[in-house]
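One chain, chain A, links the two complexes that follow: it is found with chain B in the first and with chain C in the second.
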Partner chain A sequence: MSGISRRRFLAASAAGCVATTFAGSKKALAAGTFGGYPEGMGVLVDITRCVGCRTCEAACNKEQNLPDPERPFDDMSVFDEIHHGQQRRTNEKAYTVINRYEPTGSDQKVYRKVQCNHCAEPACLSSCFVNAYKKTDEGAVIYNDKVCVGCRNCMVACPFNIPAYSYSSAFDPIIKKCVFCYDTRLKEGRPPACVESCPQQVMTFGKRDDLIKIANQRIRNNPDLYVDHIYGEHEMGGTHWMYLSGVPFDELAFNMHLSNEPILNNVKDFLGTVPMVLAIWPALFTGFHLLATNKKNGHGHEEEESKHNDEGGDQ
Partner chain B sequence: MKALIEAGVKPVDSYRPGENKRPWTFKEKLMLGLTPGQYLGQALRNPFNWILGLIFAVGLPLLAYRYLFGLGVVTHSSNDYPWGLLLGFGLFCMVPLSASGFMLGTTVEIFGRHDFEPIERLALLNGLLGYFFAVVYLLVDLGQPWRLAYPMVISFGPVAVLFLVAWHVATYLSVQVAEVSVAFFEWIGWLGGKRWVRKIAIGLTVAGIILSTLHQGALGALFLYSPGKVHPLWYSSAFQWILFFASSIPAGLCMVITVSTVIKHTMAWRCDRNFLDNLDYCTLGIAKGAAMGLFTYFFIKVIAVAHDNEWAYLATGWGFWWMFEMFFGVMLPIILFAYAIHHRLLWLVRATGFLTVLGICLNRLNTSLITFNWTIYQELPHIFEFIITITLLCIYVVVYRFILYRLPILYTWKEAPQEAVATEPVKTEPRVSAGTSTAPATSSP
Partner chain C sequence: MKNWNAATMNLLVLVLLFGLAGFAGATDMPETVVLDTLGELYEPVEFDHTLHTELGEDCSICHHHTTGTGPESANCARCHADSPESEVVACSDCHEAEPFAAGVLQAKAEDRMRYHKDKPGLKAVYHLSCMGCHEAWGAPVGCQECHARTPAGDDYYHADAKGDAVTH
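On to the complex of A and B.
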């Protein structure tokens, strides 16, 4: 009996060890805190300055070689488009969109630009099982469409609902989202196309740390004009695109229920249990097996037991 | 089939047709020992096949349509609902319903409860096919299914929960293939392969428990990426993975009850006495396990609401929907199981098993689809997505039936005697089961 048990135990342990090797790299991620990319670039969007001209949408379309829009960029009727009670969002043909809002208690129309916020610790990146996403030192969140399998987990994960999918493509569908004009501009230190095109200087391009100082300065200088909050300074662990607004952010459909922790922190606890299950289960269940199948006198299992032992014994 | 058996036809269940005859050829085994005419006749006489044919006539062209023109033509191409019904049902429901393999594997191999052996192979097969078809659903839903193996060979994203799911489902699928291969080796008559797999059975079963614990849980952990998108009542940052794991236990067990009930009524000709006589006993035992699993799940579910202090949500519309799910999918099955097991009402046990299957499916659909984006809007999947989902489910049923008809899952294979004596002294005789079937109460725990 002991010989069989040892062999069985070893077989089970070996299975566990093999499995542990595959999962080894997960553990390291649970340690330490991440300080962000202080030298990374970002953009501060000052919503109070935006007039909704959609020049940035057109510039983005041109820069990224996106297909022609259904309605031209000088057609302002797109602001009335409502799908499922929602205003426009980014999609495979538009990496940035401007939406119009009419805040309560004000006859002023307010325009908000939507694009990828380029999180410091992006949810899309941490949810991607082929590691297609990359956060560059310059601050951009880019992706490698050569490895994208199309599971769309990043779309499920993104707290800002930014990544879109090219569903219309049959043979090469991939994720589509704003990449901070990384390949064409940011890499060389130039601001993205939308920022450069803006006639109102809505967007300020600079190091993320400097942008936070500028934003705070503006709020201090004009406390009546601005809401005292920089959206993106802390949301989801901090983003590289941040917003200043003159009206409460939730009136502009900003999600104000987001945590200040990156999504990854939400998942770490579970990832931490993985190596423990791999380590403990083999011994635990092999142990159960030994306990359960040992001779049980008077419980009517002798017949099966002897069969079991014979089966192992003559091998 | 019933008519043919009444007419004296005996489907293949052994090494050779009878004493002093040559062994069955592979082709004869595939045809169940029937002539082509008989085989076609029984297939055409079965009205269920006509229904399947009708569904395939609509569904298979749609499937081709999807591959030729992209996901966009069969779904709403929603960027807000990246995961539709194909994954909501195909992955998130099929996987828990397939937990049966590791549950019964553990019962028989690890805990040595050989009284559940008559149903073990069915549970293993149910697990294997469920996982396999979860992957099939995935292959339909993935944008670029030909890149399915990328997380294994091309590019690794080990931080991602989905990476874990991919690896574990792939590994567990191989483990389950090995577990079910015993029946296949018997059928093709390669006893060496069978002996070898039996030797590593404990290792395979323990690997199965590990992999199941982790990826059943990981499917729940996938939703940890979307706090705020999943309704708080279906989301628990601390317990999401335990909730998915705990509920997969009754789901898998009840799926075996449901499948065995269907088999009992439609495929009795394929079952031997060992299976049929022990079925009631096994069903009661499994139901007891499922009831305990359900109670544990219910308890954790309530703790999850208390932990995040979500009681206020119960008074909202979503709260009523949550209570509906909890009552019909969890509490009612617990009560019915308790009553039915106590009074040995097997029909009620079986009906409750089916109710539990529906309840767990509702939970998965609620988490992945129905309450997803509860702050934005609710989306009804495209009609074509429904049809494709049903078509794939029908293919699953056809494959399931194809295997059950042939491999010794529901009956014991009668091996070639001379070989059996030399290699497998204990497995030649079918297990004597009269004792358990006449007095099941005495041997239940």
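On to the complex of A and C.
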């Protein structure tokens, strides 16, 4: 009797575990349809307007109290710099840089601003195991440098190669990147320093949804001027900094092979199975074990019991 | 391009003195317009308005439809083809010095019928207007060719930095 009831108990608890796990994964899937931050702010970067004056770099340097630059911000020779076969990228001393391109079939030089694109569902955040990153309701992807342990997972995860590392710090190297001027400006509703400094208003600051409307209107009003694409509207699940260009984006070293799914989606399915493994496997295999050993022990027990009874009967 | 970098920073309070003398038409147009207070980074610009009116074939190149000449852009003409001369023609009368101030964004958001939601700020309209023509005409495009930088501007751009190329 006791053997059967134990079996039932185990079967019931295993079924319970399965039910709980599937209920859990259903909830996780629902979270996957996350619709972004409708009230979040963003910036539309209109590359056709940029003249490569680097004023935004100077503004960023001042606003973020970054170290003095090696060369003045009005020194245009930096556009010729090549590091490891590539043009300049963001680093611990510069959270934004302008690079110059000469697209094929065009005698015009084109300048592209690089900074954090502030993804709606950031890969850096997903990859950070100490939870240093945070996506704010205002749209910024910020990080807590007190928590950062300098593992550089986010540098690997970022599809735009943005987070930089303070290699110069021997004892406490951490990640450094553009924070949308969150602490000093964005949370008060003000545009970031680079946006405000730009003489050509290359950057338009506003709600992300409004910026997409503005971008579409610019393309519609000037179809000959723009490529019919808003880079960042869908890339990687959408970014809060987006771009308009007059030349194909791949001519400006934009990564055109990115999925429209956030990086998190690549691991969501896998991560969904982790609680299932943790919750079901112990119960399931304990159950198997108990069932297997119970059968054996049960027989032995019964035999022993009957033997005992027989012996008792004899007495 | 060497000097263009010095492009107007903090042109926020930039004020065209158009209209201050109360002119309303082409006959009253100013000879010189002082583009004032380029923040603390640049000296004021003395814009030779007379010279530019002689160069430009049509006031609407800069003034859209406000001078009664009809807009250049076909898109603008859809509404403003027959717009009369405006009371005010100064850039600063329509273009905000701080286009992304919370109040400006709020007003645009609340007025759902408004068409001009993508209107550039004052600093931008000067540069966007000037640069295109200046490049096409071979006129100066370097920042300090139009407005001299102040000592504060030199600090801002770290003009004294004389290091080698960044290596990392």
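Keep in mind that, in the parts below, the second predicted complex is superposed on the first by the 246 of 315 C-alpha atoms of A that agree within 3 Å, B and C clash if a C-alpha of one lies under 4 Å from a C-alpha of the other, contacts with A are read in each partner's own complex, and residues count from 1 in each chain.
Convention: a residue touches a chain if its C-beta (ideal position, glycine included) is under 8 Å from a C-beta of that chain, and two chains touch if they have at least 3 such contacts.
What you see is a predicted model, and the numbers here were worked out from it, not measured in a lab.
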Contacts of A:Tyr167 with chain B and chain C, given as first, second, both or neither: both
Touching partner for A:Leu66 - first (chain B), second (chain C), both, neither: neither
Partner chain(s) touched by A:Ile219 [first = chain B, second = chain C, both, neither]: neither
Touching partner for A:Ala253 - first (chain B), second (chain C), both, neither: neither
Which of chain B and chain C A:Gly52 touches, first, second, both or neither: second
Chain touching more of chain A, residue-wise (chain B, chain C): B
Chain B versus chain C as contact partner of A:Asp269, first or second or both or neither: first
Partner chain(s) touched by A:Asn91 [first = chain B, second = chain C, both, neither]: both
Intersection of chain A interface sets (partners chain B, chain C): 91, 167
Chain A-touching residues of chain B, taken from the complex the two chains share: 67-72, 75, 77, 79-80, 82-83, 106, 109-114, 142-145, 147-148, 150-151, 154-167, 171, 195, 198-200, 202-207, 209-211, 213-214, 217-218, 221-222, 224-229, 237-238, 240-241, 376-377, 379, 425-426, 443
Chain C to chain A touching residues, read off their complex: 1-12, 75, 99-102, 105, 108-109, 117-118, 120-121, 123-124, 127-128, 131, 141, 143, 156-168
Of all residues in chain A, those that touch chain B in their complex: 8, 11-12, 14-16, 19, 22-23, 25-26, 29, 84-86, 89-91, 123, 126-132, 144, 147-153, 155-157, 159, 161, 163-165, 167-174, 255, 257-259, 263-264, 266-267, 269-271, 273-274, 277-278, 281-282, 285-286, 288-289, 292-293, 300-301, 304-305, 307-308, 310-311, 314-315
Chain A residues within the chain C interface of the complex: 49, 51-55, 58-59, 61-62, 68-78, 81, 83, 88, 91, 93, 167, 189-191, 195-201, 204-207, 210, 213-214, 217-218, 221
